[in-house]
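Letters A, B, C, D, E and F name the chains as they come in the text, with residue numbers starting at 1 for each one.
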Amino acid sequence: MVRVTRRYAFAASHRLHAPQLGPEENQRIYGKCNNPFGHGHNYVLEVSVRGPVDVETGRAVDLTLLDQLVQRVVLEPFDHRHLNTQVAEFASLVPTTENVALVAERRLREQWPAGWPRLEKIRIAETERNIFEVDGCSQNESR
Amino acid sequence: MVRVTRRYAFAASHRLHAPQLGPEENQRIYGKCNNPFGHGHNYVLEVSVRGPVDVETGRAVDLTLLDQLVQRVVLEPFDHRHLNTQVAEFASLVPTTENVALVAERRLREQWPAGWPRLEKIRIAETERNIFEVDGCSQNESR
Amino acid sequence: MVRVTRRYAFAASHRLHAPQLGPEENQRIYGKCNNPFGHGHNYVLEVSVRGPVDVETGRAVDLTLLDQLVQRVVLEPFDHRHLNTQVAEFASLVPTTENVALVAERRLREQWPAGWPRLEKIRIAETERNIFEVDGCSQNESR
Amino acid sequence: MVRVTRRYAFAASHRLHAPQLGPEENQRIYGKCNNPFGHGHNYVLEVSVRGPVDVETGRAVDLTLLDQLVQRVVLEPFDHRHLNTQVAEFASLVPTTENVALVAERRLREQWPAGWPRLEKIRIAETERNIFEVDGCSQNESR
Amino acid sequence: MVRVTRRYAFAASHRLHAPQLGPEENQRIYGKCNNPFGHGHNYVLEVSVRGPVDVETGRAVDLTLLDQLVQRVVLEPFDHRHLNTQVAEFASLVPTTENVALVAERRLREQWPAGWPRLEKIRIAETERNIFEVDGCSQNESR
Amino acid sequence: MVRVTRRYAFAASHRLHAPQLGPEENQRIYGKCNNPFGHGHNYVLEVSVRGPVDVETGRAVDLTLLDQLVQRVVLEPFDHRHLNTQVAEFASLVPTTENVALVAERRLREQWPAGWPRLEKIRIAETERNIFEVDGCSQNESR
C-alpha cells in the first residue's frame, strides 16, 4: 500500500462573515478577514489517495485521470474566483478554509469513480502558517 | 556596504480590468484575472536597503523603524483589502503586480526619512512563479 | 472533523550534554552539539488541533485564542533564549529537540482550556532536515 | 513516544516502461516519462522512526547510525545513478516512485537493527508536486 | 522600469563527460556526475525581463506570449529528455548547468521578438544548493 | 560569463550587545537579541562567483575546491559555535548578521586563490525574513 499525494494551487478571494451574527461579533471572530470588500489567498491544495501498487505498471493511481477530476470539480470552479459569490456552496456557508476543505473533499468524493484507490486526505494551506486537513477516515464512514 | 532585505507578507484581492479597453481586449490581456468578482493572492514583499554598517552597533538599518514604516505605508493599507476599491492609487491604475510594486516603492520613497540608508529595491512575489522588482537605481534618478 | 495546523517560529540556543555521562560519551552521542558554549537554531513549531467545524462560524478553533496560548506558554519563554539556562524544565533535562517537543506539548496540554478541540500533534523542525513530532494519541491516554 | 524524521536527497534518472505492454499502452500510461533515453529528478527522501525518548540522553534514535544505514542501503546505491540499469530491483520492476519508495523501505527494513525504534514511514517526493509514502503499519504486519 | 521574473520547471537527465579528457581526469572533475548511465535533476528555470510598464494595461510583458516562447524553445525540447543525446547543442558541449543556462539564454535571445522588453537574466537551479545565472548585460553586448 | 551560487548552512548562537553603550540603549537597539544568555539561528550562506565557462569542462568554478575553502574558513569555525566567544573577530565586533557577512566575505577574500573566478557576493539569511548581502563590487575596490 502506498499513499500518493498530488499538489495543486489556486488563487481566490473571499470574505468571512456570518450573516446571523451582528457586526461586532463578526469583527471579533474574523478580524480583518471580515472586510466587506474581501481579500484573497494563494491556496495550496493537496489530494492524497491510498492504494496498492499495480504489479504491471508500478502505479497506485492514474495521475492524469486524478488531475482531470480535481481540475473539473475543484480547480476550474475555485481558481481566480470570489468564493462567496461564485461557488454555489458558499451562498449559505462561510468560506473559511475549514469549509473550503470540506467542500472540496465532498465534491471529489461525490464524483470519485468506483474502483479508484481510496481518497484518504484533503489538505489546504491558506498561507504557509494556516493549514487545514480533512481525513478520509471520517469521510468514508459518512459515505 | 551591506544590503539588508526584510521580508513581509500581505493577503489581498484585486481585479485586472482596463476600463478604456473593450471586454474582448480585457479578456485577451488578463484572462481569468479579468473575472469581475475578483480573486486574490498571498503577496510576499521584500524591501532591500543598502548602506554602511555602523561601527558601534554593527547594524546597517534599524529594522524596528523600517518595520514601522512598511507597516504604516504598505501593509496596513494593503493587507486583507480589495486593492481596486480600497487603495487610492488603484482607482485609476490597474492593480497588476507591476503597479502594486511601483506604488509600494513610491509610498516608501515619499516617506523615507533623511539619513536612512538608501532604499535599493522592492520585490513582490504574487505567487511563487511570478515575481516583480523595482530597482532603486531608477527610483533615485527620478527623485 | 477538520485538523487545523498553525505554524510558529522561535530562535533559541542550547547545548546538548548529559551530566551523568563522561566527556567522551557526550562527544560520541552529541558530536559538535556538545560544544560547551552552545549553538542555536531557528525552530519551526506547528500545533495541530482536531475538531468539528462550527456550523455558524465555519471555524474549528479560535486561532486568536490559540495564538495567545502558544505565545504565552511556549514562544515567550523559549524565543531568543538559551534553553538550558532559561527554561525551567531543562535544568534537569537535556534540551534535545525530542525533549523540547515533549515539553512544549506538556505545557500546552496543562493549560489547554476545557471545551477546546483536541490538541492532536506538536511538530518541531530543528532544521529543514530534522523534524520531531509528538502525537496527541499518546498524550490523551496519559492525561 | 516521539516521531523523528530525517530528510535526505538524491539525484537519479529513470525511464518508465512496462515491457509486457505495447508502445501505445506505455505512452498512454507514462506519457513523456516513457522517453527511451530517460529523464531525472532530485528526489527528497524522508525516513521517520518512532520510539520512546531515552531518559539519560534525550534522544529517540541515534541519528549518526541512522544516517550511516540510509547512506549505505539507499543513498549510495541510488544517488547519481540510472535506476533501471544500476539498481538490481529495477531490472524487473518499473522504477515509478511508488516502487522506489517500496524498494527503499524494504532495503531499510531488511537491515534494520534489532532494538532500534520502529521504522514508521518512508516518504519520497519526486517533485514538489508528487509525493509517495509507505507507512510502517503495513510493513510491520508483513514482516 | 520593472523587472518581471517567471519561474518554470523541467526534469531531465544528463552525464558530465569531456571526451577529450581521460577517464581519471573526468572522474576527478565530475565525480559521480561522470557515471556513464547518467543521472537527473528537477531543474528550476527563471526568466527575467526588464521594461517599462504600459500605462493602459499595467503590464511590462505579455506573460502568455513569454510562456509560449519559453515552452517552445526550452521546456518542450529539454523536459523529460536526456540532454546529451536529445538536445542538439549538447552533442558537442558538456551539459553542465553552466552550459544548460548559456544554451537556454541563446535559444531565447535568438527567437526574442523585436519590441519585447529586454531579456535581462536566465537563472537555473540544478538543486536547491547549486544555482547558475547568465546576465543579460553580457548577452546584449555580444548580440 | 556565468554566475555560480552555492548554498551552505550552519547553526550558531550569538548575543547582540555593544559594550560601549549602556543597558537601556542596548535593549532599545537589539531588543530580545540582547538577552545575556544568547540565542541562535540556522544561518543559510550563499557564495556567488562569476567567471567564464571553461570550453573543455563546461565549468565556471571547481565546486569541490570552493566547498573545501568555504568549509575551512567559514563553516568549520562558525558551525555549532557561539560566535561571540568562539570566533576571533567577534571578540571586538558585535556579531550582527551584517558583521557575520562582512567577516565571512573577508575570510574568503583573504584566502581566495589567484586565478579563481571573481568572488562576487556573499549572502547570509539569518531567518527567512532577514537577509544580508555583501557585494563583490565594493570588496574588489578595497582589495
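Operating definition for what follows: a contact is a pair of C-beta atoms (placed from the backbone, for glycine too) under 8 Å apart; a residue touches a chain by one contact, two chains touch by 3 or more.
Keep in mind the model is a prediction, meaning the values are calculated, not measured.
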Partner chains shared by chain A and chain F (touch criterion as defined above): B, C
Equivalent interface to A-B, taken from E-F, C-F or A-D so that over half of the residue contact pairs match: C-F
Gap in Å, rounded to a whole number, between the CA centres of chain D and chain B: 43
Between chain E and chain D, distance of the C-alpha-averaged centres to the nearest whole Å: 30
Intercentroid distance (Cα basis), chain C paired with chain B, Å: 35
Where chain C touches two or more other chains, by residue: 128
Listing of all chain pairs that touch each other, if any do: A-B, A-C, A-D, B-E, B-F, C-D, C-F, D-E, E-F
Complex interface listing, chain B residues touching chain E: 16, 18, 20-21, 29, 31, 93-96, 98-99, 101-102, 128-135, 138
Contact set on chain B toward chain F in their complex: 1-8, 46, 53, 56-60, 62-64
Residues of chain B touching chain A in the complex: 9, 11-14, 32-33, 35, 37-42, 79-82, 85-86, 127-128
